[in-house]
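One chain, chain A, links the two complexes that follow: it is found with chain B in the first and with chain C in the second.
Now for the complex of A and B:
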């Protein structure tokens, strides 16, 4: 069981760009979702968690390691598996060679053991039949699977995946989500994404980032509860519903138009209250929250 | 594991890292043969061969270094590895230097034996072995200097073309305006190619030592610059 404690973390890049402001979260074992639009500061937070970037202010503790110190950053590299958003590979290496090389960098010094681990992981990500093909011939989905395989080489206690399903087709996305769910177990997995569906299908707990702030943290059901009474199905003759709302979808039926909206309507005629899904709740949260919320321990 | 590591690093850097040094020497051997057939003055042929080791091989190593340090497709992943990116970069640099040095040393034995090697006046009266050994500074000093400068430029600019162009520019200035370097006191320590262009000069040995010291300082500086991950991540999005 490994807890990650982030306290009042700030990151300001050279040039005064505030990427994250006063972020405080506690993450336990299992899958944790980090959700937010592009530019919310997720990748910066992830890079601080992986020890790539140093925070400007604040405290970060991963398990027994203080990641603010150089020693802490060195130590977490041994327990970390990371799939970056911009996952670059060496195109002239085959999948097997790439994994073997990363295994060497991860300190798996015994050649036989390393090669056995590579074969196991190729099997897990279903890439054994193409393992001798050069990576430059791989599709985006196959590269992502190689990405997750390399992250698992050292059997990490902490697995961080940043936007793992971006650019994948629906089938690949589902396959990838299932793979992540299977890896849960005793390790901590942080899934950073802007795709609500990925979180809905895999995580019990999540945080939402916006403009460098955490605007929500809690369980999926907490987030769903926040949008209770705010999601409506409005059927009109074609006129758009009005109010402080976000239209989630518009369905043209014979003789009428059905809108799914989140927010406060000015006119409730023809509106039926409905159960929110996670996407509705996320939109409601983004719509409602302008300031960081009070800190809760998950 | 060490052999595996060498093999993978060479594969990642590309075949050119292996091919460029011997191809450079081969080109100059062919040029030398052609000049011999044309009965060109022996001194000129020696100058051409010495230039291959003092001027061209170090430039190729510097350009390879700039190219490899400027860009790594998997840099973000590398920065999370227990074997640090800093060590990986210096490992790659070591391979470039060692391989180029092997080719240069091997070539210099033949050039020296066949008297196609320009011997600086300062060591001309020395015995054969010390003369040959110290004579290796002909290529070692500019090799390390251009590698060090290429490394620094690549880290500061983070652009393969720009850092290579700047390094090439420095090389051309040294080659074209060598008179300024040979006769201006404060430029003498930075004269990269005295053996090829004017081996009679009296400051050859001190020049080689200054170049080696400068190269060491630059490589030390590069070691510290590699700690700055924000610089290394330039070119990859940081705003998210």
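Now for the complex of A and C:
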């Protein structure tokens, strides 16, 4: 079991940009979602967890390692698997060669063992048939699969994936989610994303970040409960409902328009209360913070 | 973590990637063909020394092709940032020093391969024309003594400088400085040309292979250079290259700590 404890973490970049403000969070084993809009501070937090960035203030403990120290950061790298948001590859290496190179950089010194592990992972991510092709010929989805394969080379206790499905088509996205779900077990997996559906399909626990702060931490059920009584189906003749609400979707039917809205709805006859999904709950949570809302639809 | 195995692995893959660059081979072959039209020992009378021709050919290869090596090594470090592998690498257990030394040695040795290929063609022609195999060991030794330390020296600066200078700017400054320094050594800006750090190999060539200062052997030669000075030059070029890479590693670690 790998527990992550973050206490009062701050990160201020040069120029006075506060990327993270007083973040306190606990992450246990299993899949953990880190949700938030672009610019929320998710990637900054991820980079601090991976040891790439140093926090300005605060305490960060990953398992037995204190990540505030250089020794702790070095130790973490040995048990970490990381798929960055901007994941690049050497275009002129084949998939097999690239994974072998990363395996070397991860300290997998035994050549036979490393090659066996590379073949296993190519099989897991379904890239064995194209393993000798140059990476420059790979699609975005295939490169992402190579990304997850390299992250798993050292069988990490902590796996961090940052925006893994951004830019992927629906089929690739589903494949990726299924892959991540299969990886759980005794690992701690942190999935950082702005796509609510990714969290909904894979995580039981999550945190939401906004403006460098944690504005929610708990289970998916807790988040869903927060939006109980706040999600409505409103049917109109075409006019969008107004008020302190967010229109989640608009469906044109014959003769009328059906709106799914989140918020405090008053003075609408015929509005039907409905069960919130995770996206509704996320939007309601953002709505409560009285900050501009970004709704990411699939 | 076995740092030796990691270092050799990095060296192997950086060697492989540099060697498979089409631009490397095209540049060397094109410029090799161009420069050797104007500077070559082929048409010397057969009564002249084949050894002198080999040494002269070594000097020409270094004078004109080492600049290509410098240009093609300049992008090796910024490339990692450009293709976005650097963030992943910074999260891996491999140390910065292992990675940078492996990158430097792997890329530079790979860059020496086409230089050696072109050199070998010229040396083979001299062997055939003078009909003597006796100059072959001299060819190998002179390449190792004159070309390798110079290219290692240039390679270190090319890889290190582009950590802080925009690549095209470095390449323009480097080419300008190289030709200005070697063609007009006493005009305008100070250069390394007549010093013991000259990467063209003047001290090494004269000191080891032309101690009597015969005309038409070392290009360029340094009057009065002894074997001891040649050895000093050889060691200083390699030592400075290592220091430059160490300085680069320190800079990268400092940069990372500031983030």
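In this text, the second predicted complex is superposed on the first by the 289 of 298 C-alpha atoms of A that agree within 3 Å, B and C clash if a C-alpha of one lies under 4 Å from a C-alpha of the other, contacts with A are read in each partner's own complex, and residues count from 1 in each chain.
We adopt the following convention: a residue touches a chain if its C-beta (ideal position, glycine included) is under 8 Å from a C-beta of that chain, and two chains touch if they have at least 3 such contacts.
This is a predicted model, so every value here is computed, not measured.
Trainee: What does the overlay on chain A give for chain B and chain C, a clash or a fit?
Mentor: After superposition on chain A, chain B vs chain C: clash.
Trainee: In the superposed arrangement, does A:287 touch chain B (first), chain C (second), both or neither?
Mentor: In the superposed model, A:287 contacts neither chain B nor chain C.
Trainee: Tell me which partner A:44 touches in the superposition: chain B (first), chain C (second), both or neither.
Mentor: first
Trainee: For A:134 in the superposed arrangement: first (chain B), second (chain C), both or neither?
Mentor: neither
Trainee: Between chain B and chain C, which makes contact with more of the residues in chain A?
Mentor: When the residues of chain A touched by each partner are counted, B comes out ahead.
Trainee: Once the structures are superposed on A, label A:18 by its partner contacts, choosing first (chain B), second (chain C), both or neither.
Mentor: neither
Trainee: Touching chain B in one complex and chain C in the other: list those residues of chain A.
Mentor: 47, 50-54, 74, 77-78, 80, 82, 84, 86-93, 97, 101-102, 104-107, 109, 150
Trainee: For a test of understanding, state which residues of chain C touch chain A in their complex under the given definition.
Mentor: Residues of chain C touching chain A: 1-2, 5-6, 9-10, 13, 16-17, 20-21, 83-85, 87-94, 99, 256-257, 259.
Trainee: Within the complex, which stretch of chain A touches chain C?
Mentor: It is residues 47, 50-54, 74, 77-78, 80, 82, 84, 86-93, 97, 101-102, 104-107, 109, 150 of chain A that touch chain C.
Trainee: Chain B touches which residues of chain A in the complex?
Mentor: Residues in contact with chain B: 13-14, 17, 19, 38-44, 47, 50-54, 74, 77-78, 80, 82, 84-93, 97, 100-102, 104-107, 109, 111, 150.
Trainee: For chain B, which residues count as touching chain A in their complex?
Mentor: 1, 4-5, 8, 11-12, 14, 72-83, 88, 229-230, 233, 236-240
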